[in-house]
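The following pair of complexes shares a single chain, chain A, combined with chain B in the former and chain C in the latter.
== the complex of A and B ==
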């Protein structure tokens, strides 16, 4: 079990945020493989390729040029090929309306981008651990809602 | 229209196991949940055949003793949570130590090592998942759910729910209802 790794993808147009994100995962004790994309179009091109390896968890920034996180979420939820991916919204917005709306559209996790690196590590570790519980214990993913 | 079905996972799994064991044609007995004892050592071919037959159902043969014990701990916890009120009236640490015949300290360390989470945390996650199912499927009130899951009060359940998921039980209920309305609209 410990030799397994968790495959994670992040789509975010901010280079610093992408860097913090991959650094944070490097420092966690859980084995992960992290891929990043610069916007929604790049992300969907990857996911829609017939030979793409699908991640266990996908982090989506909401505000991205060309294709927003919300548009990606709707496309992903409309395709049954992606039904096993846990979707995490990773955004600077913390408006109650945004949050509830993404959950209703099918997101599993909502993370407000933390202000410092330590908090980011803690939040990401929480996400991965809980996702792992859902993954290994056959819990019902439809009921998987987490807000950090 | 939605119809809800309830699975008895243990029964389903045991039935699959029995069918595959019969096909294998070797004398066996099912000892406990997830444990099969063979009177003679399995040949490599037979073991392979059995492994392949089970793989189609997402069932795998567990190799090491640690993983087996962790699985037993998880099963015991789930059984403990779904037990009726009053059936188990000892602390979870005492219950697990008695049932699995190891000290709680040993179980607790092993569990954290293998699963990246503590037994306490696992219990909370399972209880909250159970609460979610009850919120969605049954017409029980939060008070009744809190009582069924042995919380001292609704406030205690709500706080733990919020701490674990980041949202309140009523927000959870509202989101799930809106999701259903949305998918009904799309179908």
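== the complex of A and C ==
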């Protein structure tokens, strides 16, 4: 595990959102390495490759073509190789149903995409600096959704 | 009472007729016997007279012979001898007749034998007298002796004959004595019996008459009942049928045939004939059910379809139950109901329901998708706007900056609308789950939702302890959020908002606005604020969708928030009322029925 920077992967089919995401990390004064993938299939291809470097935090958009975030979440949670990856759901909607389902499937946090760039930066910096060990132990349905 | 019940019983008539029959037979028997006796008596009398006549005849023959002999002796003319000569044969004939007539009586036979002997003696005497006369020794004492002996014998015969006559007379007398009682009492006895029979017949006639009257009345009633049953069967589209279990045959009412689209009793009422009408798809099932009915002697509710000869399909529902009839024979009485109209209505209703449901779902889905999918481009517009303001603000002219501000405010308003619409569509969903929840907890959550606004306005919220209730938790939280948000939004500009939340358990009868049928008690949660309030006339209007009391410039809002509140409260079968005073504040009262179970 490289401790110099935080390795982050985002799977999102929306080009604008990927742009906001990378821009936000560029402006944040956190040492990060950000990789983006256009959909679930691309993401899983990368993760499943034997020589791939696994990220510390994975941001998953739910609504993606070919393979949805939900399907990726299920596959990742079914493979013990990925057990150390913290999974942040990164979605436009924050419907009870989506929150409930992803919580049950074992996601670590749920971020509703903010409509303000400042808020986005704030949310992302919060997420990448979370002590996941601590967060996961006290995780419940109420603090699962990141409040901004 | 037992006498009356005896009179009314079926056995009564039968026994009366049996008694009458017996009496008549008895009378006939007695009369026959009586007539027999009478005819026997009269034949006896005739016989007696015949015997008497014959006896007299014998005497007369003997006299003739005597007279003839005497005449001959006096005149010596043989002409006088004729009766004497004929007498022997005649007497013998008479004796034979007498023997035949008196064969019943031993005594008379005995007498007859003696008489016979005497007659023989007399005839021999005649012969001896004749012989002496011929020898002409008439003056001899022998001749005189013979004459005298003749007379003596004759006397003895006379006395014997008169004895026999007396005996016959006595016999007749005895017989008369024997039958005297019979003859006197039998007619009275018979007369009494005939009277009795007549009385019994009259009674049974009266009984029959009254029974016939009763039957007629009952018949008339039955006729009316039958007619009304017929009519009601036609109106209600019912048909009745009877399965005579022991004799195994069916009977269909007229309307059964009409239900099948046929003329009443136009075919033989058999299962086979009926089955010809049954819908081919239901035939197998119905046959099995009928077979089961014959085993169980009972028919639970069954449904099937038939097809009339005209091709029209009808839905039938049938049920049968066993009864023991008055004739003690087992019967299964069934009723068949044409439920086509009901079924068609039901199908129509179901179809309409389905359509409504689909419409509702579509609407809800449309609402959800529209608001949900609209969020994405809007979010990007807002994010790009925030980027523009951050990075490029200094490169814009003053008017450019103003335009950006306007765009930002419009986008914000659009976000508000979309969020509210989304919430509204979510409160529409019917599959919400009620669970026991602590309302205090939900109020805290609501406060948390709008904590920023509370802080910004420096609002104070005083809440009493709320109860627990069986609710849809996120909806109640939404309700509290909206009402608190509303109070903050319409706060007076220069006064820090104070919101008092109070609770009470209310008896439904104490508040006329509450339906006491739904529940006896209600939770009442009241939110009272010190904001700008409103005119009381708008108290109901404010809950309408997209209804706003203020223009957008002074107060931002979508007109959806309170509509959502009303919807949520209605989802909980509760009530929400608002009352306001301009510049004083608004009071929102929420009532939830308490489920006593």
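Convention: the second predicted complex is superposed on the first by the 127 of 148 C-alpha atoms of A that agree within 3 Å, B and C clash if a C-alpha of one lies under 4 Å from a C-alpha of the other, contacts with A are read in each partner's own complex, and residues count from 1 in each chain.
Please note the rule applied: a residue touches a chain if its C-beta (ideal position, glycine included) is under 8 Å from a C-beta of that chain, and two chains touch if they have at least 3 such contacts.
Note that the coordinates shown come from a computational prediction; the quantities given were computed from them, not determined experimentally.
Return first, second, both or neither, reflecting whether A:20 touches chain B, chain C, both chains, or no partner chain.
second
Between chain B (first) and chain C (second), which, if any, makes contact with A:117: first, second, both or neither?
A:117: touches chain C, not chain B.
I'd like to know which partner A:51 touches here: chain B for first, chain C for second, both or neither.
neither
Would you mind checking which one, chain B or chain C, touches more residues on chain A?
B
In the overlaid three-chain picture, which partner chain does A:92 touch, first (chain B) or second (chain C), both, or neither?
Only chain C is touched by A:92; chain B is not.
Return the residues of chain A at which the contacts from chain B and from chain C coincide.
Residues common to the chain A contacts of chain C and of chain B do not exist here, since the sets are disjoint.
Where on chain A does chain B make contact in their complex?
Checking each residue of chain A against chain B gives 1-2, 29-30, 100, 103-106, 110, 129-130, 132-133, 136-140, 143, 145-148.
Considering the complex alone, what residue numbers of chain C touch chain A?
372, 375-376, 378-380, 382-384, 386-387, 390, 415, 426, 474
Could you list, by residue number, the parts of chain A that touch chain C in their complex?
Counting only chain A, the residues touching chain C are 14, 16-17, 20, 23, 92-93, 95-96, 113-118, 120.
If you look only at chain B, which of its residues touch chain A in the complex?
So the residues of chain B touching chain A come out as 9, 67, 74, 114-117, 122, 125-126, 129, 132-133, 136, 165-167, 171-172, 174-176, 178-179, 182.
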